[in-house]
Amino acid sequence: MHELYMELFNKLGIPEIFGEITWPIIPFVCVAALLIIVVLFLVLMERKVLAWLTIRKGPNRVGPFGFFQTIADAIKLLIKEDIMSKDTNKILFTLAPMIVFAPIMVIYGLMPFTEKFVAINLAAGLFLVFALSSLTTVGIVLAGWASNNKYSLLGGMRSAAQAISYEIPLIISVLSIAVISETLNLSDIVDAQSGGISYNILLNWNIFSWNIWPAFIGFIVFFICSIAEVNRIPFDLPEAESELVSGYNTEYSGMKFALFFLAEYSALFIISVLMVTLFMGGYLSPFNGYLSNILFQNIIHNQIILNIFVHFEQAFWLLAKTYFVILIIMWIRATLPRLRADQLMTFSWKFLLPLSLLNLTIVAIVKYLLNTGNI
Amino acid sequence: MVLENTIQKEMIINVGPQHPSTHGVLRLIMTLEGEVIKDTKPVIGYLHRGKEKLAESRTYFQYLPMVDRVDYLSSFFCAAAYCYAVESIAGLKVPKRAEYIRLITMEFNRISSHLLWVASFLLDLGATSPLFYAFREREEIVNLFEQLTGQRMMYNFYTFGGVKQDFPEGWLTKALDLCKKMPKMFDEYEAIITKNPIFIERTKNIGVLTPELGIDYGITGANIRASGVNLDLRKPCSYSVYDEINFNVHLAENGDSYDRYLVRIAEMRESVKIIEHAIKQIPGGTPEKLKMKKVNCNCGNENCGYCGFDSQLTGKKANMVVFKPPAGEAISMVEAPRGIISCYVISDGTTKPYRVKWRTPSFSSVQVLPELIKNRNYSDLMPIFGSLDVVLPEVDR
Amino acid sequence: MEYLEITKEILVETVNNLKNAEDKQFNMMLSVSGVDKQDCFEVVYHLFSTAFKKNIIIKVKLERENPIVESLCGIYSAANWHERETYDLFGIIFKDHPELERILLPKDWIGYPLRKDYVLKDERLSWNER
Amino acid sequence: MKKLINKTFSGIIEIARGMFTIGKHAFRPAITLEYPEKKQVFNSRIRGRLALTTNKDGELNCIGCMSCTKVCPCGDLIQIETSKGENNKPVINKFTIDIGRCIFCGNCTQVCPKDAIIMTEEYELADYSRESLVFDIDKLKISPEKSDQRLKQRERDN
């Protein structure tokens, strides 16, 4: 890819140095484009799914089946007046949405969407993902404080308390994955989940070697914590609509609100991708090998074209699993009422934390026995 | 020590008048310590329309459409309270068929009001779906009302001495069909809500209204029945024809938000049974049958089931322009979905009422709110305030 | 309609008796309403007994010039807001009431609207324009 | 400990039951009525905009008895001015209804001795100014056929 890109510059007669400078920007452009598309689709999906579950029709006016509704909404938000009340802390008020949004965008670069489509492939990727994801809370607390509004302040404080208590079981449950795969690199974690449990037919399917089976309790804990992490019902206390009006983003409007909105939905997407990557085999197909390999092997003999097909299939599997997870999260949103702040803490500290520790113990014992060959 | 004194521990927060969960325009001035409510002062009157003053400048019939607007969710009950009061001053007798029509419409109104309560209560707690399901059922009831009275919300259907119109043809069959469908729908709500661990966690032992406190504050209706006080004006019957119908009064023990929910769900099921029972024994039967028999009857007997007094819609038809009850006064009490609505009418013998006083149940419910939410978490405001089933126009009148 | 008409001096005593007597137990206060009888004011108390399911109406006549009556807040908590409402609309003053101020109308409202001599189109009352 | 495990499992089962019930609704037809395109079908008792009926000659049925103005709860909403024409027959000079203030209670239609004022099923009455909502005779009058049809419908209902 790099050579191809450089050749383009040579042919156009532009000095190669510009190519070298612009080359690192390309992944970020891709990531940004992906993020926008994902969010636009996700908002529409959320509205449609909620509409189906509540026997309504959902957006259906702008474009066929309302496909362009979110685009229209985005344009509306962009051209809206940016209101800032008199007593807000202007610098922090402007900075807060950026602090919320920026880390999530970086996490997009860390995710292995296919085997090759990883913008930044780090040895300690998992570590960085969680380091960055906890940064968004700082932005939310800042937004709550800078708004100079009591509801916003309460929302910000709740968000901080919630983040502290939910990061811990989340990370301990992820620790078990690191124990199983013996690595912190996200691509390697995915690769470690291939191969099945035996060489027999059917049992060699990838689905049987997903991390979800040994760390099932960990998966449940991760699932609950990730819902809390992205502030969705039943854990949407920071913006609890009926209590705090709209929580930390009460005072925001226009583009600043759009950034919060964007961050919220991209966080939802990325946490689901993370869940799929860690527990459900990431971009691997659930079967033994890729479908395109099996189906087109005899028709297409060119290995490069076949590889492109495989890449697309990997992206497909990842997205399919991710949207399945998102669908369940939306389904939960339609069903459950909201928890109270202190119940949320109790649930985290007294229930999820012991459970995640139990999961770590089980995984460690299983791993030890496997390594020593006692099973 | 010094630092502790300088930090202001309490925060005054202003909930409302525009707030997503105050069900209208109620303002609560709250003193919070962290998220714990230390003190609450409700401020009402944002919806005051001067209903009592309006009555003084209008005739009895001119005031009749206005009473529907006292409580827009249970219009029939307000109209019934006013009609019963004026009827007892004027000495008008209500035919049995009219009473049955009143009973059926009132019970349907009770169901629709409770359905809206379930919807808004769950919305306050954060669950969105029951709102739409409850509105689907409410829509069917409202459609029935529209076929009967011509309006979906402000019915203006009762008149002094009876009701204005008979059921349209086929209405009773539709009502029975709906009654058969309803319990299944209630089962569905219960599957979503009743045993949901988060719902139980949010409402059990929250906002406990002891019987003593409730009686002291004059709380009535489902709120006091959830505390175990058997106070239902329908049994023993003090108005209408409830004594001819078998039904149970549902009570609960703890008086918390969860019990109020259980009592209201049970009341909806009971109302369905009451309607089914009432439709079975309505004097004169269905409107089609009544019309046919009336033509052929001609017996002139007072006790005839088809052309006698009991199958009429209004007793003595009052002239709308010059209706003049004799001087006197009366208090009527009606068991509305939210509690006892009572209407105190004084007549001085002219065409206009001298004084009309409304006693509305939500007024007391708002009054008891500061007691219930004292020293509770701010998040508990919604399960407590929502469960009291307050309708603000009724508070302010 | 049957009612009990008493003087304002014995109001608290009577109501106390009605509430505590074993065979009456009027333990719930449903409403307090004022009536402007042209020559005098009347305060009408509507009490209810949850044990016997009976209600009773007590009327107290007050002179028009200086309508003061003893507050029942000590006996029924419900009386608090009902008496405030009566004060708001009639200007009847309840002695020993914890916070006797306007409840339905704005704090700066002039006059007591349910009195019969209340002038509807008084210029001072154009509250909206103020 | 045992209690906790019990609570956990029953909680999971109940949440699953709730989610299943919600999930069932995804396969039910939507109850939405897409308003401007599809409109609700009302029955004949619907209380919509007020209208004045006419007899076969196209003249108003109204005799100017002023009953409707006396029972209207909104004060001076209906304004009628009459004068005596030939053979002592009343002539309606002015008949205006301020629809913007009308609460559609139906009192005027019930009190009318000649069924001169009725309610139609028209309910979309929004306009840009309050003045244009004050309807005069020309706007209120409906054709003889239509009034005949409405009156017959009303008779059938009662």
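Going in written order, the chains are labelled A, B, C and D, and every chain counts its residues from 1.
Definition applied: a residue touches a chain if its C-beta (ideal position, glycine included) is under 8 Å from a C-beta of that chain, and two chains touch if they have at least 3 such contacts.
These figures come from a predicted structure and were not determined experimentally.
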Set of chains adjacent to subunit A and to subunit B: D
Taking each chain's C-alpha mean as its centre, the one farthest from subunit C: A
Pair with more cross-chain C-beta pairs in contact, given B-D and A-D: B-D
Gap in Å, rounded to a whole number, between the CA centres of subunit C and subunit B: 25
Centre-of-Cα separation between subunit D and subunit C, whole angstrom: 40
Subunit A and subunit D, separation of their C-alpha mean positions in angstrom: 52
In subunit D, residues with contacts to at least two other chains: 15, 18, 22, 25, 31
Multi-chain contact sites of subunit A, meaning residues that touch two or more partners: 53-56, 334-336
Shared-contact residues (touching 2 or more other chains) in subunit C: none
Chain pairs that touch, as defined at the top of this document: A-B, A-D, B-C, B-D
Subunit A-facing residues of subunit B, complex: 11, 13, 19-21, 35, 122-129, 131-133, 136, 192, 196, 198-199, 201-202, 377-382
Footprint of subunit D on subunit A - complex, ascending: 51-57, 60, 331-332, 334-336, 351
Interface residues, subunit A side, partner subunit B - complex: 50, 53-56, 150-151, 154, 233-234, 236-237, 240-243, 245, 333-343
In the complex with subunit A, residue positions of subunit D that touch it: 8, 15, 18-19, 22-23, 25-26, 28-32, 34
Complex contacts: residues of subunit C adjacent to subunit B: 1, 27-31, 33, 35-36, 44, 46, 48, 50, 53, 55, 57, 76-78, 80-82, 89, 102-106, 113-114
